[in-house]
Amino acid sequence: MNFLVSNDDGYLSPGVRVLATRLKRLGSVTIVAPDRDRSGASNSLTLSRPLRPRLIEPGVWAVDGTPSDCVHLAIQGLLPEVPDLVVSGINHGANLGDDVLYSGTVAAATEGRSLGLPAIAVSSTAHVPQHLDAAADVVADLVGRLVNHPLPALTLLNVNVPDLPADQLKSMIATRLGRRHPSSGIVRDADPRGREIFWIGAAGEGADAGEGTDFAAVAAGHVSVTPIQFDMTRHGVMDAVSHWLA
Amino acid sequence: MNFLVSNDDGYLSPGVRVLATRLKRLGSVTIVAPDRDRSGASNSLTLSRPLRPRLIEPGVWAVDGTPSDCVHLAIQGLLPEVPDLVVSGINHGANLGDDVLYSGTVAAATEGRSLGLPAIAVSSTAHVPQHLDAAADVVADLVGRLVNHPLPALTLLNVNVPDLPADQLKSMIATRLGRRHPSSGIVRDADPRGREIFWIGAAGEGADAGEGTDFAAVAAGHVSVTPIQFDMTRHGVMDAVSHWLA
Amino acid sequence: MNFLVSNDDGYLSPGVRVLATRLKRLGSVTIVAPDRDRSGASNSLTLSRPLRPRLIEPGVWAVDGTPSDCVHLAIQGLLPEVPDLVVSGINHGANLGDDVLYSGTVAAATEGRSLGLPAIAVSSTAHVPQHLDAAADVVADLVGRLVNHPLPALTLLNVNVPDLPADQLKSMIATRLGRRHPSSGIVRDADPRGREIFWIGAAGEGADAGEGTDFAAVAAGHVSVTPIQFDMTRHGVMDAVSHWLA
Amino acid sequence: MNFLVSNDDGYLSPGVRVLATRLKRLGSVTIVAPDRDRSGASNSLTLSRPLRPRLIEPGVWAVDGTPSDCVHLAIQGLLPEVPDLVVSGINHGANLGDDVLYSGTVAAATEGRSLGLPAIAVSSTAHVPQHLDAAADVVADLVGRLVNHPLPALTLLNVNVPDLPADQLKSMIATRLGRRHPSSGIVRDADPRGREIFWIGAAGEGADAGEGTDFAAVAAGHVSVTPIQFDMTRHGVMDAVSHWLA
């Protein structure tokens, strides 16, 4: 099995390296990842300028672009063969609830799924994870299950792993995305030259973090596995909209 | 009614100006838009640096950030009052099918909806539209309908208007998102210094462009109105995934 | 006479517009300027990606690059004719002493001079100038003098104009560059997510601001005109270095 | 002796690593360098946003900024002690003649000199150097000479080393900067979406590459050592300018 591994923290991130090392026990692995931290890039694709992938070492490409750029390049012609499966991560920091909308980690997996490959996005709940090996083992386990039970088109797995030693991790459970409270308001400040600046505020806490959500799962020590999709049509309201357009 | 208007082509784009002018007949309008073209930005939010919104003229802010940044800033504290409705566009160029995943136009509307406001994303099918007035009239019409028939949470409208004179536009119809073929492969080239570069290829044609899709609607001269959502949980496969995780 | 006008504050800056309007009385004028604020860009040239100049209105190009890029593009093929003279400015804020090393305003003029054209860089001492017309009149006056008295190769004029009404401006005097004290130390801070950030400190006050310097001239209400050069060889120490290398 | 080592190719460049390793024989060494290739950055300083230096490994900082940013941060507060000497390089590719105006390698050294430290910029003539060790030995030799024979204020050394084995390198000679022909014209092209783009053309060949220049020295296999300065006042024309301003 040929794995394409990417992320949004950059090719030097410990998370992507531990993941690649673990997956090598299952097949061949190529990392194609941003040349620097591109967290929060969402699905953005770089169309206005060319990209310059660099082969840093055998099996490791660094790209001056977004996570989606990396996976797109890799599958659409950079690599000699189309890979069998895309894994994005291990992100340093959770991607729960609405985070998935902004997440470059999820975007890299989405790009792979959009191009027809099975895909997994995986995040550790810690910003400085201590137990990446345990999270990598979780991915290896999931890969086997996913290959045996393919998901429908436009559907992938978003996995969050509590940063715990393997023997303290509870079981993997299927979850739905919760919801965060809106971020705190924007932060007004001044730069050292006295000019006004604004920062986007920190992300909010879980608002819908109840039973069945990804928030609840990781809070209880479980590995959260959320099937997510990017068929964005809201089929359920189609009739109503048709009616009020008429 | 207070409108927040944004886009991804930048605050100087004719599309956003024509839209704002038209909506002023319905209420007060503030433009908060990127200071330059940010097409393809998707939902990316700028967290790594502060933003510097500039009041260019009364009611027009330019922000050195993404479309999502603009709407986030506007609602979370830049403007004195939270607006009543967010309209993003009029984009120069269609946003059909998978385009919505990458679109900054849709992202600006999504950010508004995520923060609780009704939201519309609107695109003209032409890259150099000749009939922006007609498209703006469509938006004005839709605003009234949307206010009277609120959509569920996490749901907004993605509207594509053929670039035709008002009297040649066919009716508004509710559509589902179609699908594009994958883009053509990456384009290898060399820069003037002889170094290899890669471009992301052009977007593919409609693959699922049949009956009921947004592609089919605009091809037939209709205004396509797609209810889209960003609850990304794939509820339909939850039981299956639970089963194979067990 | 054909003027090429550029700056580093961007093509929308009042300074560049007032300058262009004034120079139109002397000949034809084309603005080729950055599409946004590129202050502090120094002489950087964009080699890693292509540029996309946009004709915003007749005679006004906006470029997604640095001030040096703008002048380079304009002279090396964007414009139908090579211009006769390059004027960069009117910058909002002084460019005195060591500022010239970092200044995009000076860099645009340097690029023009490097490509063989006479060149003037001009700055108003105010960040929000009130008397741009007076500064533009100074430039118009200097243009005539410069054309009649060409400077040696690799030499141009760096002009700083106090932000005063024309009738309060004292005479133009030739000055040498003074020196600033080093900027205040770097400013440590934290972003809203608690991560450490560092700002470059504000520029220092004049350290060598005495008799004959540009600092002293503008402080006294004079227009400072400094002949600057970019032959960077330190000829005076060549023998000493030869000696200690032997 | 405490060395600060920087460059413009990024902290991962072999050139900067070989240089740091060699200088460790002479004292303690800290690398503070860009997190990616910033060639052509000239003296630009990042004032519009904060910087995020990351300690990659003991003694190695990567900065999301320009070469000048790196040296400025290092000296103005990032490092516990102000270093004794700044060495920038070993650049992959020559910095000859007018190159110094645009060079980030030279800019890093200039920033150090501007803040009062002796400084050396060093480049290998090859884009993929095979003999970095020989070039590093040259630097180690020069360091001793420079410390014994300090240069005047605002003066530093720009060194270009032919990419040859140590035993084939000819002597170090003091040179003046030559001049390049202007670059070839801009290159018009189209991106894969059919939109017009422009590339800055490749640098020109040596125009003044005669006796005594840096071009001539390296062509003959010598190590070129050019004393360069950034007192940009053109003192020699001051009287003339005073006269025609009067």
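Just so it is clear, A, B, C and D label the chains in written order, and each chain counts residues from 1 on its own.
Throughout what follows, contacts are C-beta pairs under 8 Å (C-beta built on N, C-alpha and C of every residue); 3 or more make two chains touch, one makes a residue touch a chain.
Not measured: the values here are computed from a predicted model.
*Asks:* Taking contact as defined at the start, I'd like the list of chains shared as neighbours by subunit C and subunit D.
*Replies:* A, B
*Asks:* Quick check: more C-beta contact pairs in A-C or B-C?
*Replies:* Counting C-beta pairs in contact, A-C comes out ahead.
*Asks:* With touch defined as above, tell me whether subunit A and subunit D contact each other through largely the same residue numbers, more than half shared, or through different ones.
*Replies:* Same residues, largely: of all residue numbers at this interface, over half are found in both copies.
*Asks:* How many angstrom lie between the centres of subunit A and subunit C, each centre taken as the mean Cα position?
*Replies:* The separation of the two C-alpha centroids amounts to 45 Å.
*Asks:* Cα centroid separation between subunit B and subunit C, in whole Å?
*Replies:* 39
*Asks:* If I count partner chains per residue in subunit D, which residues reach a count of at least 2?
*Replies:* 47-48, 50, 52, 191, 193, 199-201
*Asks:* Residue numbers of subunit B touching subunit C in their complex, please.
*Replies:* Per the touch definition, subunit B meets subunit C at residues 35-36, 47-48, 64, 191, 193.
*Asks:* Considering the complex alone, what residue numbers of subunit C touch subunit A?
*Replies:* Residue list for subunit C touching subunit A: 48-50, 52, 184, 187, 191-193, 199-202.
*Asks:* Would you tell me which residues of subunit C are touching subunit D in their complex?
*Replies:* The touching residues are 37, 39-48, 50-53, 68-69, 72-73, 76-78, 98, 100-102, 107, 110, 114-116, 145, 148-149, 151-152, 155, 157, 171-174, 176-177, 182-183, 185-186, 188-189, 191, 195-201, 225-238, 240-242, 244-245.
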